[in-house]
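The following pair of complexes shares a single chain, chain A, combined with chain B in the former and chain C in the latter.
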Partner chain A sequence: MKHTISVLVENKFGVLARISGLFSARGYNIDSLAVGETEDPSVSRMTIVVNAADERILEQIKKQLNKLIDVISVLDLTKKKHYDRELIMAKINFSKTLEPKISKITKRLPVKIIHRNKDSYVIEAVLDQEQAKDLMASLEEIGIKELARTGRIALEP
Partner chain B sequence: MKHTISVLVENKFGVLARISGLFSARGYNIDSLAVGETEDPSVSRMTIVVNAADERILEQIKKQLNKLIDVISVLDLTKKKHYDRELIMAKINFSKTLEPKISKITKRLPVKIIHRNKDSYVIEAVLDQEQAKDLMASLEEIGIKELARTGRIALEP
Partner chain C sequence: MNGAQILIECLKREGVEVMFGYPGGQVLPIFDALYEAPFRFILTRHEQAAAHAADGYARATGKTGVCLATSGPGATNLVTGIATAYMDSIPMVAITGQVKTFLIGNDAFQEADVTGITRPITKHNYLVKDIKELATVIREAFHIANSGRPGPVVVDIPSDIQLAQADFVWPEKVEIRGYKPTLFGHPGQIKKAAKLIAQSKKPIIYAGGGVIISGAHEELIELAEKIKAPVTMTLLGLGAFPVDHDLSLGMLGMHGTAYANFAIMESDLIIAVGARFDDRVTGRVDSFAPGAKVIHIDIDPSSISKNIEVDIPIVGDAKNVLGQLLEEITGPADTGEWLKKVQMYKTRHPLSYKHTDNKIKPQYIIEQLNDLTKGEAIITTEVGQNQMWAAQWYKYIHPRTLISSGGLGTMGFGFPAAMGAKMGCPDKTVIDIAGDGSIQMNIQELATCVCNKINVKVVILNNFYLGMVRQWQELFYKKRYSHTCITGPDFVKLAEAYGAVGIRVTEIKEVRPALEKALAIDNTVFLDFHIEPEENVFPMVPAGEAINKMIGGLA
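So, the complex of A and B:
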């Protein structure tokens, strides 16, 4: 099961290395990670998505996170009501033949074309998990040249 | 000067810890970091934003990144033409008095209200750097209850 964990940390160097080390030491790979500033410049928020095969190990990791001095709070949003979003940017193939396929996608999903080359488009989209899966599957049919995803962030309502 | 560095890495555990360790060992704090999957599930893209006081040290870090076996490519987009975007989610104060201020923001910037409580709104916005600064300054006037930012991602056109 994929868990979305929101961690508030002191914005100091070394914190990121310690936290990612904590996951990797337990053999847990992080699916996605987004670290950004908060309204307080001394505090950053990390949103970590992990696929937890063993819930007990994840509980241990969360406990250890809470013990790190630079960690302010650890919140597992997985079972709470929350809004999650991810930003996806992609450079995709473009041709006259692909045009109908692309416009089908932009009609179905909130996808914005931000740059047009002769043979490629650059698009951006903010999506929840289900929409992100949908977009990725559709883009694969068209052909992705380059892809950048932010990883998920989430807030409680 | 803030640098935007795009790193393609093998999606293996420990890679994130090694890369963040490389920055922190040199006393470099990462401003933001976004790690997401790419079209190839075995490869992730990390977009790192660092404030490089000393360009020579940053050059060294980039060289060392290139030497790590799990690093596929390192691209410093700072001086190249690129599109950068960040996703910001915020829970902000809401009241009748604040309403005109909020609608002023949503008119000026591409901000979407995704949830309305009695005394707070949850918003999402995809912005470039300048717009992000603008939004943050405006939101501070209104009052931020909670904030989640993905950190910047970027693609060449």
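So, the complex of A and C:
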């Protein structure tokens, strides 16, 4: 099962390596990891999406994260009320015949076309998990040339 | 002051008595400052030995061990020693030189990414890039190393930082917002644990190295006697509970006593204190102690419920938690029948070996050593058969008397660790129980011992094999002794060449006199005992089996 874990860490060099090293050393899988500064410049927030086979592994992940000296707090958002978003950018195929399909997507989902080439568009979208799944499925039909995703970030209300 | 002088001043204020290390290009300023240092510096003959010596010092005294090496190869040579300390939760601060800050990342001469290399084997590490941070970093390093679950901390200091000038400012307090170990158990959990103990008919206490680290041995004895429960120990727990106590079952696990393994498998309650249910202890996890509920006391939350399911987790320092528990428990539970049964196991399946008149048995040597030193010596071990025989046959009655690489299982550990222990406890007899394979891994430290008059004794159980691997080959690989037949030097001549004393023993009647002689000599002594070459360590639980499925040595 996938879990969204929000980790506040010291904003120091080497912290990302400590976190990623912990996951690789113990064989845990990271689905996505997004890092950025918080309202306090000495603190960064890492939003980590992990795929934990069972509760015990999830517990271990949280405990091992907490054990790192540079980790200030670990919060599992999965069972709490939270909002999560991801920024997706994609370069997709474009042609006259594809146009109706593309406009259908932009009507249904908050997707913006930010660049138009002769045979391709660049689009961007800030989406929650369900929308992201929906978008990806729709884009598959059109044809994706290149894809960039930020990974999930999340906050409690 | 320059950075190097600030470092030495910090070490002085941290109460450092001795430091082990080796010089090199990127630590020259530190060595220059060491010239006037108010504590001893022991020059080892290899950086690995410096780390193990600092570790041995820490295990013998409870204080933080300190070692120093130069950048690149100096630092990488410390790595095995740091990993050894990490696996066994030993407080250590390892200081390494680094190339100048502006050269970092340039593949400079003797450059290695030391914080990168040591990240997974340290509790924390630092690369000091600003002279103004140095004093704070050293203060934090010592605080982190020797609080909570102890462990090694590496401080990597570029040589230009060692030479940079700054005012010395000693931080009075250490505040690390991400590091606040839980020291006392949750009162609710303590109550639940006490209730479970009161209901238990077949309790067993399973004590690990955490009891020794936190100094909880007296509370442990009090608890065992109060609730009338037998006590078994891990390898690192030996010494936490006197093995001559009626309630002691000695060590459990792969080479533990049969009675300890039978008892824990049959227990209805395991009270784990400062132990982590290592695979060498549990054997096959899904058949480990099937009828037992588990109370797990540990300072490290991540140790709890890692390997086995726990009913009552209690996070806290073992000494504090046992104190809390003792206040909550009202009286002894009804464990009379249980103790009778455990006693029956003890009588029926004692540790044993076949004594012969013409061959020297390693167990016999250790028995004699125990008889001569009455459990008052500090024993260090290498890794392999020597380690297990030392664990089984020496009778540990005090904490911090067995110093052994349990987690990492590092050959070559015992001799330099003995040096460190002797530096920390000069009035104690310190003996390394070694094999002829392991001793050759740090044998160069004979020079350090002789030069600094560090009087340690090395008992070499010489079977001309890498004995433990040979034992596995005998039992599980059809006696195909692939590369386990090992030759060594003439240990007597070698010891003499270094200025130490060498004694060879080939006759059983010479064993005791040789030990007596060695203990009386005021010098480092190598005792080369030619033992029965194919003697095995029994009992033994084959890897992956339940721990009551022991082979060998069951009377």
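Operating definition for what follows: the second predicted complex is superposed on the first by the 157 of 157 C-alpha atoms of A that agree within 3 Å, B and C clash if a C-alpha of one lies under 4 Å from a C-alpha of the other, contacts with A are read in each partner's own complex, and residues count from 1 in each chain.
Definition applied: contacts are C-beta pairs under 8 Å (C-beta built on N, C-alpha and C of every residue); 3 or more make two chains touch, one makes a residue touch a chain.
Please read all numbers here as calculations on a predicted model, not as lab measurements.
K.L.:
Please tell me which partner, chain B or chain C, touches more residues of chain A.
P.N.:
Higher number of touched chain A residues: B.
K.L.:
Applying the document's definition of touch, where does A:A17 land relative to chain B and chain C: first, second, both, or neither?
P.N.:
Both partners.
K.L.:
Who does A:E59 touch here: chain B (first), chain C (second), both, or neither?
P.N.:
second
K.L.:
Quick check on the superposed pair: does A:L147 touch chain B, chain C, both, or neither? Answer first, second, both or neither.
P.N.:
first
K.L.:
Tell me the contact category for A:N29 with respect to chain B and chain C: first, second, both or neither.
P.N.:
In the superposition, A:N29 contacts chain B only.
K.L.:
Contacts for A:E37 in the overlay, against chain B (first) and chain C (second): which applies, first, second, both or neither?
P.N.:
A:E37 contacts chain B only, not chain C.
K.L.:
Which partner does A:D134 contact after superposing on A: first (chain B), second (chain C), both, neither?
P.N.:
In the superposed model, A:D134 contacts neither chain B nor chain C.
K.L.:
Where does A:D70 make contact in the superposed view: on chain B (first), on chain C (second), on both, or on neither?
P.N.:
second
K.L.:
On chain A, what residues does chain B touch that chain C touches as well?
P.N.:
Correct list for chain A: 14, 17, 21.
K.L.:
How about chain C: which of its residues touch chain A in the complex?
P.N.:
My answer: residues 115-116, 119-120, 123-124, 127, 144, 176-179, 300-302, 305-306.
K.L.:
Show which residues of chain A lie in contact with chain C when the two form their complex.
P.N.:
That would be residues 9-10, 14, 17-18, 21-22, 25, 56, 59-60, 63-64, 66-73 of chain A.
K.L.:
How about chain B: which of its residues touch chain A in the complex?
P.N.:
Per the stated touch rule, the residues are 6, 11-14, 16-17, 20-21, 23-24, 27-39, 45, 47, 83, 85-91, 114-115, 117, 122, 124, 126, 136, 139-140, 144, 146-151, 153-157.
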